Amino acid sequence: MVEEIIIAGFGGQGVMIMGQLLSYAGMHEGKNVSWIPSYGPEMRGGTANCSVVISDEQIGSPIVAEPTTAIVMNRPSLDRFEPAVRPGGLLIYNSSLIDRAPERTDIRVIAVPANELALELGSDKVANMVVLGAYLKATGAVSEQAVRDCLSEVLPARRRELIPLNVKALARGAGLVS
Amino acid sequence: MAGRKLFKGNEAVAEAAVRAGCRYFFGYPITPQNEIPEYMSRRLPEVGGAFVQAESEVAAINMVYGAAGTGARVMTSSSSPGISLKQEGISYIAGADLPCLIVNMVRGGPGLGGIAPAQSDYFQATRGGGHGDYHLIVYAPASVQEMVDLTLGAYDVAERYRMPVMILGDGVLGQMMEPVSFPDQMAPDRPAPEWATRGARDGRTPRLINSIYLKPEELYKHNLDMAERFEKASANEVRYEEVLADDAELLLVAYGTTSRVCRAAIEKLRERGIKAGLFRPITVSPFPYDALSKRAKSAKAVLTVEMSMGQLVDDVKIAVAGAAPVHFFGTTGGVIPKASDIAEYAAGIVGEEVR
Amino acid sequence: MKKVVVNEAKCKGCGVCVNFCPKSALAMADRINSKGYHPAELANEAACISCGICGRVCPDAVIEVFKP
Amino acid sequence: MKQVYSVPKSLRPVSTHYCPGCTHGIIHKLVAETIDELGVRDRAIGVASVGCSVFSYDYFDCDFQQAAHGRAPAVATGIRRTVPDAVVFTYQGDGDLASIGTAEIVHAAMRSENITVVFVNNAIYGMTGGQMAPTTMVGQRTTTSPEGRIKGLAGEPIRVSEMLATIPGATYVARVSTTSPAHIAKAKRAIKKAFEVQLAGGGFSLVECLSTCPTNWGMSPVEAMEWVDKNMIPYYPLGEFRTPEGGQTNG
Amino acid sequence: MAGRKLFKGNEAVAEAAVRAGCRYFFGYPITPQNEIPEYMSRRLPEVGGAFVQAESEVAAINMVYGAAGTGARVMTSSSSPGISLKQEGISYIAGADLPCLIVNMVRGGPGLGGIAPAQSDYFQATRGGGHGDYHLIVYAPASVQEMVDLTLGAYDVAERYRMPVMILGDGVLGQMMEPVSFPDQMAPDRPAPEWATRGARDGRTPRLINSIYLKPEELYKHNLDMAERFEKASANEVRYEEVLADDAELLLVAYGTTSRVCRAAIEKLRERGIKAGLFRPITVSPFPYDALSKRAKSAKAVLTVEMSMGQLVDDVKIAVAGAAPVHFFGTTGGVIPKASDIAEYAAGIVGEEVR
Amino acid sequence: MKQVYSVPKSLRPVSTHYCPGCTHGIIHKLVAETIDELGVRDRAIGVASVGCSVFSYDYFDCDFQQAAHGRAPAVATGIRRTVPDAVVFTYQGDGDLASIGTAEIVHAAMRSENITVVFVNNAIYGMTGGQMAPTTMVGQRTTTSPEGRIKGLAGEPIRVSEMLATIPGATYVARVSTTSPAHIAKAKRAIKKAFEVQLAGGGFSLVECLSTCPTNWGMSPVEAMEWVDKNMIPYYPLGEFRTPEGGQTNG
Amino acid sequence: MVEEIIIAGFGGQGVMIMGQLLSYAGMHEGKNVSWIPSYGPEMRGGTANCSVVISDEQIGSPIVAEPTTAIVMNRPSLDRFEPAVRPGGLLIYNSSLIDRAPERTDIRVIAVPANELALELGSDKVANMVVLGAYLKATGAVSEQAVRDCLSEVLPARRRELIPLNVKALARGAGLVS
Amino acid sequence: MKKVVVNEAKCKGCGVCVNFCPKSALAMADRINSKGYHPAELANEAACISCGICGRVCPDAVIEVFKP
């Protein structure tokens, strides 16, 4: 199995951490992984994305041009990455912030009202985890347990107390996907 | 080797340098390699070394000169504009026969350019952006683990041939995370080399670190000596990798990040029934001319792929020497070529020349 | 027209104007602009003395101030 | 209604890429107001440096050149010598001017190049993600001084204005702050005076503006302003260090 | 053209620049080119221009950037270590599409090296010692008169392609005296170009001189545009000279000072009955690949002669592309090869390969 | 007979390439005497710069590195950080230190690198044949100021010691002359004190030595010494500009 | 005719000016000429030499490796350039300062006690002109008249009053050669 | 041994010692050394007070001074 994922959104939406979590979890499951960030010029705000490859085999190219999955957290990212998804691939979008529906019909599309759901759980800071939960459930790229185990590795020390909330958010997202 | 850890390329190269005995870092911030000085500012004090943020890249490389002249294992890192500023200093370090480690995480140029990954400093790295007849040993790793492995051996090589070693990465290699393993042990302490200037103690004759030879004959002799050492490095240190090259009718040549995209392109080409293979120089200086020359003889066409307007292609042409047509596919300015575009272009060549 | 006109779309919600308003006439709005920031607004126009301070301190040149 | 504060015309009506509350924006406005008031927009040539203000050319509505890191005073010299009636100014950060560009600023002052330098001292390298600058306070944590700047290893911060004031050619040198309405008003006066020195052919003028970097300092914009007042101003006293008249009002 | 005058190469290039419209010089002293700034410090005030001795080569090249950005005809000169320091600035000037004139009177390197003539900055000049994908137009004159003639046309070329022009000389060319003639007239005044930043007067939109393109696609586009202009220069501006090349079985390739020694060597070889000829690139960037490629086809062997450990030889190999064996004869460090040694070496090759 | 003056041991018994009467030679002797008297020859590491003193490594009998033009303080920093008990000094001309090397000297002072800088100010670029230096006097003819240095174009000369004395890390800064037995005696005391500051771990020390260049000034050696006294000392006052004790004795 | 001359001596002996005079004179006679100096590291003192080519044809190489004539003004220059002179060529040496006789027998050798003769004329500063006079007479490379005409072009303004003395010195040197 | 020993071969004839000798005991010799310079010499040993000044001012470390 090779999963090639692009995760994109505003700076501050936690897209880099989503990718790192996936990578750590993949590595702990004995898979080959790679994670590549891409930033705009802004120090704060602006858009950012990361590419993650999770593979049972050695990874040829860590560069993701045609993702098997694109996770988009805001409108500009949807506009940019929807066309790139590989036919038959997956597109997950944050329907809380994105005001249009995807147009592709040759791919699977999952809408996650991430900010609303996260706020329901207590903080919209975990919107990214809700989306990640949905992704994990939809693809099984890595196990939710592996991701949970990696939370403490990835979150900065000052946010460790939020781990239970993150775990809840993952589950909430997973619950969305049948 | 301990277990695998997920490391950013920049931090991995820094940690590998420390394991290889690097204790001194002199540098100046520039994207996309800031994690190297940042890591060193935390790490070196832990191992009894020193981190100095220099006032500029010019100062940094000259601090490297001074520290290398005392026999210390020392390092600097930067990205394209900063490496340009270091050219005079690099020429001095090479001219004074000093070993050291220089990392260039290449970004798009020229000028201020951009901060996205590029390979457009190939000429500068392999041809000497500085003045005079000198060479660096330049490694072009293609993964974080390879960056670690090459860095671990870099000082030994630099000291053996008494010339600077450069790790030629790019924004992708510096920023990406991949699992890596490091050796458990630090490189053992070694005595100061017999040319190091650390004070003429115990009555030994004073030593001199120098690159000036005002008599042309003496400079000539020195340059011949440097060239001889580089010849030796060419004989012993050249490294490359071949992928599906044995039966390749179309031989792709690429290094670093681009070589990984080429792997994906080759897969696509093979799926289409085109016998494509990859020749990947790992040392881009000394360049594996002989190996590529040999390999090119069995190919019907050669395609150089790089993130630049055409620099590696010169070395490929020199190696191939007319044995097969040499084609070129390049993207520049921070644009990473797509495997599908490479495959498409390659298929076009095959249409023309291989079939 | 209000005494203080905030170009909401450009506001980065930094709160500097609110901090320096001598009459506490400004506040951050609950709504979010297209950039994702809560913009400043003239919450208490009556209190405003049109001193211009908010305009002068705003780093993003977002505020214009008028005197009736 | 009468307009009592309006946005300066020499500033383009665009959104900047600066972080929320970053005082680079305030300094931009003061420079633009000065250009407006002196009526020199059509002969102003700005020189943008490398740092968070690299894109300042997008914000000022006049001719611009973008200079290599630290070299804005040299670029300005090139412009100065070829366009005699231009109004030439550089806009430089503290990494740019006080670190890599030390030689260029000292020698532009020595030659008394008839240019105006707007020097934004935020005690850090903003654009590259918060590394230590020569102006970083002792004890201040940055990404390359993780335990805080250590005097014994990195020295004490450099006071650029005081240093340049020893150079005869530095006709006008002042340090201002941007952290309160009163400071901003004084800053405006200094910047305007610096441009006026140039217009009078008086030679080199420089205004050092203490500025915030909420993002890399890890503070809210208002906290950052308070931090300047509390930590920077005592070490970096405000005032005029050299004036064409020979006066000095710092302390 | 007025009568011939005996001129030092350095002063001749300076005077030629003035006649070509150069009014601004920014430089820093370094041997063996000091006569250029010294001449300019006397001459430019006479013609209403300005001479600035910069605080360093780094400052000098950035002053050139600023002045070139206002549309002025501007110049700097230096020698090897100083040119290394200018690499970042040159990359910026190229990246900002600015015309200017840069003179490098090459001395022996690397490092502080020596002050005797050398050709060991060929790579730096032709491959871009700075970072990023850019090219200079580089002339390699072989006499004082040719230095004058090429300089007289340099600004027109630089402005046509909007890229810096470099005169690549050496200590001999800079220091030697030969009779030269100059045109009587100064180049006519020209209006400021439409991209120059001289103040947005009369309501025109503000202009920007810039080399930053943060979006990779935009930098890519800009670099393609630069490459296209260099392509055009390659089509139109390539210059070379052939001496007795028509029937040459042994083709010597050399530029600048070395090419003159090769003339003497060819005479000696012809005297011995060996059909030797010379191919002399005058533009070393763009390099006359096609012309040399064509010429090499009728030769039995090619011999590159240069005052370096082998740099021009790369371009010769690329051009020859296996059509004939490429040999190399080099001296370095300030040693000028002797015509007799070249002839001896060449005769050896002939023994092996031509006969 | 008792020897009342002997040649310092840390100087090799060779002929220098300096021109007759050039005071570089006197300064070499003072540095060598200091090394002798402090007994640190075997842990001294000198850094030669680019200028007439480039070959100083041939004259001092201790370890040496030859640094790129202007970069001696950076090279010394590299040495300093790697050999803790070395005695590290640079020997630099005014073109080297005050022009191309401005950033390096300012920042070595800022970091208070524990090194000693011997700064030879002869108001000209000696080695390259007499071009204008930043220290060249207004009106002084050089090969690049053929009409004499013009204040309006090239500015007034830079006073390095005064400038560096504004930097907290510059522990000891003094200016001396070499143009009379009395001046030479004072110069010796200053150089020795500078080394002593380093030996005590006190940080950055610098002695600016006014020196002659008879060749490029076109004077006899003795005339050149008189020219220093008459023209340079009034502009470049002698004295201590910063001492570890905080004192200052210039004027 | 092609004359390839090397003139060598201490800095201060006027070897550069001898070469320049020859070059100017050659140019004024309509010949092709070139002059290349070579200095040591010393600002004052040290050794220096220059290469001059005077030719009726276009000059191929201005680099002189095997001079047709070597003019050596001091001992180190004799040691260095005696072996280089082309067989059948000419060696002129300043016997006032050189304490050994040349050894070559396949070349013409002229000894000029230049400093003595110059002192006789009034100043040893024109020792170089005495030697040059001998050279002109011996080779006829350019005419003495042409050299005389060029003196004012080559001598720095402050030494123009010495022209008559220089002219005398040229003649004195010429007188030595039969 | 003389009070002042001049290493004649190394002397560059600059005249600095002669200039600063308080007793005018030194002079430039007529002879020329191998470098082509007229070396300094102790012309009037009786006048010499062995003050050491000549040694200290000599830029070429050519002079050593002794006291009887």
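By letter and in written order, the chains are A, B, C, D, E, F, G and H; residue numbering begins at 1 in each of them.
By our rule, a residue touches a chain if its C-beta (ideal position, glycine included) is under 8 Å from a C-beta of that chain, and two chains touch if they have at least 3 such contacts.
From a predicted model like this one, the values you see are computed outputs, not experimental measurements.
> Supply the minimal count of touching-chain steps required to go from subunit B to subunit G.
Minimum number of steps from subunit B to subunit G: 2.
> Looking only at C-beta pairs in contact, point me to the busier pair out of C-D and E-G.
Answer by contact count: C-D.
> Determine the centre-to-centre distance between subunit F and subunit H, using the mean Cα coordinates as centres, and give it in whole Å.
Subunit F and subunit H have C-alpha centres separated by 26 Å.
> Averaging only over C-alpha atoms, locate the centres of subunit B and subunit C and give their separation in whole Å.
The answer is 53 Å.
> For subunit C versus subunit F, what separation do you get between their C-alpha means, in angstrom?
Roughly 59 Å, centre to centre.
> At least two other chains touched by the same residue of subunit C: list those residues.
Residues 12, 35 of subunit C each touch two or more of the other chains.
> Please list all residues of subunit F that touch 2 or more other chains.
Those would be 19-20, 54, 66, 68, 99-100, 102-103, 106-107, 111, 127, 129, 134, 153-154.
> List, in ascending order, every residue of subunit B touching at least 2 other chains.
50, 52, 55-56, 58, 81, 88, 92, 96, 111-112, 115-116, 210-212, 214
> Which positions of subunit F touch subunit H when the two form their complex?
Those residues of subunit F that touch subunit H are 1-8, 11, 15-16, 18-26, 28-29, 180-181, 184-185, 214, 220-222, 225.
> Can you list the subunit B residues touching subunit A in their complex?
4, 6, 115-116, 172, 175-179, 257, 260-261, 263-264, 267, 336, 338-340
> Touching subunit B in the complex: which residues of subunit D?
Residue list for subunit D touching subunit B: 50, 54, 66, 68-70, 95, 99-100, 102, 125, 127-129, 131-132, 134, 143-146, 153-154.
> Going by the contact rule at the top, pick out the subunit B residues touching subunit E in the complex.
Residues in contact with subunit E: 58, 80-81, 83-85, 87-88, 91-96, 106, 108-116, 118, 120-121, 123-124, 127-134, 210-224, 227, 308-309, 311, 314, 317-318, 321-323, 331-335.
> Please name which positions on subunit F make contact with subunit B in the complex.
Touching subunit B: residues 41-45, 47, 54, 57, 60-68, 71, 74-83, 85-87, 103-104, 106-107, 111 of subunit F.
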